[in-house]
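Letters A, B, C, D, E and F mark the chains in the order given here, with residues in each chain numbered from 1 onward.
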């Protein structure tokens, strides 16, 4: 059940085909997960989202792929995005996240949630020592 | 401005002193950040929260300290906890997070937020291939 | 699956019937969506919620109906309310939202989510020039 | 710093004065908290919000006033509304919430946040036994 | 559909069996809800979560059990945790929450959500009179 | 107070200067709001964020500028981003949002928050008629 209908024969649109080909090549997979099929209804948005995902997640950068996928899980849990929790937990595992690391991630995410709510409940003022901003 | 008043001479309460001593020893610091001073008004809660934080964040585990602090930032951003964003960004830096890694973290967190909202807007159904659960 | 059971023969209760009749007349529809059937278990709450929805969404006001439904989608996405995303996307379409407008809405909503998380991560201080409040 | 400017001499508008008088009489206070002063810029909205707050919070109902204020705190913490956390913690105390009850509230709110994030991380399927809905 | 697979014969692990036995004894139930079956895949986390839940929810404290379950519902709604909304609504009913109390809870939770968003939209400054903190 | 320190003489970096020049030209302003000064510490991220903002918000598209800024406010309120609420309320006013339209926006945003929480509390199942997806 979705708010949009994924187009049939989506790859008959050359813009969609180009993105789908690039996803398959970049990720070395044969089948694409649902997000891309549903985005095919809006080729412009498909191109933009894939460009962003490719730049941030599929390009070498300061953090390794596994860590980036774990950060993605953490945000997706806090934002209650069921689909993203599923897809990025699978992706983190595919990039080497072990069961022990996953258990550790759940510990940190749930502890953070606990203290986030505690601090917001108490309205603790921010310590001056945390301020990096010399200009203000 | 807070919903509670941190007690003066908090360490005259031996339960508070024991926790404060343990935080100083574990973290190798002389001064405690505000959260602990404000929690001192409720010694039972102070003990429980510190026990949790010590177990999850200050004990060797599958993930290294820096990664755990970065996950903490990610959740705190998504939960809009200003204090926690400040304190855990400082903690991640103290555990070696570089400027490049921080920039990368911001990229991942903000991309995740973007696709979390996209997928929730589209209500994309979860792919069967993401299901780990053989029992259902 | 719900936390309440929608009553059978809900319209045998005159308070429920009066609200259902008014929804059908106001919206020019024959069937009501699930929210109203489930609220029929609590007639007082049903009356209050419908009164609010009618006042805000079904009454002429400064913003046109389509814009109001699009704002409703935006909030519902950010609050992760699957039901509301579905119902208000359908309502926005019924009030004339085109595919291009929907694509544009998704762009704005997801960009906002991205910069919301960025600014919260950076804890950027609010510019004085944004302040409307001459009294403080 | 606010997005609106509270009007000076707000009570020269009879609609504002009527609401302000009713708040003072209902709450038995001489001064109003900021929310009402800022809402005075939009008298229609002021009337609607006060009518809602009076009906739900200041009218006898199944739950006592203290419990209702505590529920209000819980939601406001989870929604990261600093102002509401402050105002409803003060209101709960004014209605008799003890320090022990407040500590207990913080325990429940933070535990709930923890397991909310845990369950969302694990994507645990809802048990059939929780379903109240015989119609589906 | 879940991100983990609940172990078959989970109770062949003595750590899991000890927790499951304690849950059954504490709650006086024969069958456990899904959360515990899924947590059995990570016995250390299972022990920690149950210890927390038992301490906060199943131990006599300043607030009665019904009120604690209602606060749990409030947080779970605001955090959009479908599973937790279901399980804690069932728990609150089991501890005596009446239909009128549930209707009242829904009124307070939804009013709080409304004013949380209103105050955040207006960015109303916190009144000095709400400050409990004499130290700052 | 921020987690980063905005660089002094930021425009001595040609990448920063190029972006700042483009913002000033696109928006026809002399001074930039804080977000851009703080992002100048990470020129790559500055370029990416401005490119996104320019594409979505400063380019002609299906929705007019005022409507897009109002959607931005709605998301920012729901995500509790104080800075974004301030900056986009100012932007919406600069693009012609009247006081009546702003009042209407607040009504819709707060009603949506209310029913989001109501529907999540009740766990109302999505109506089949809302499904656009013929493929599932």
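As a working rule, a contact is a pair of C-beta atoms (placed from the backbone, for glycine too) under 8 Å apart; a residue touches a chain by one contact, two chains touch by 3 or more.
Owing to the predicted nature of the structure, the values given are computational and were not obtained by experimental measurement.
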- [ ] Indicate whether more than half of the residue numbers at the chain A-chain D interface occur in both copies; give same if so and different if not.
- [x] same
Task: Centroid comparison with chain B (C-alpha atoms), farthest chain - done: C
Task: CA centroid of chain C to CA centroid of chain F, Å - done: 20
- [ ] Could you give the separation in Å between the centres of chain A and chain C, each centre being the mean of its C-alpha atoms?
- [x] 27
- [ ] Among the residues of chain B, pick out those that touch two or more other chains and give their numbers.
- [x] 1-4, 48, 75, 77-82, 85-86, 89-90, 103, 105-107, 109, 111-118, 120-123, 125-126, 130-131, 133, 136
TODO: Indicate which of the five shapes (line, ring, star, complete, other) describes how the chains touch one another.
DONE: complete
Task: Complex contacts: residues of chain F adjacent to chain A - done: 1-6, 8, 48, 55, 126, 128, 130-136
Task: chain A partner contacts - residues on chain E that touch it in the complex - done: 1, 3, 41-42, 44-45, 48, 75, 79-81, 133, 136
Task: Contact set on chain B toward chain F in their complex - done: 80, 85-86, 89-90, 99, 103, 106-107, 117, 125
TODO: Could you pull out which chain B residues touch chain C in their complex?
DONE: 73, 77-78, 80, 82, 85-86, 89, 105-106, 109-118, 120-123
- [ ] Under the touch definition given earlier, write down the residues of chain D that touch chain E in their complex.
- [x] 1-4, 31, 33-35, 38-39, 49, 52-53, 56-57, 61-63, 67-68, 70-72, 74-79, 81-84, 86-90, 98, 100-101, 103-105, 107-109, 111-127, 129-131
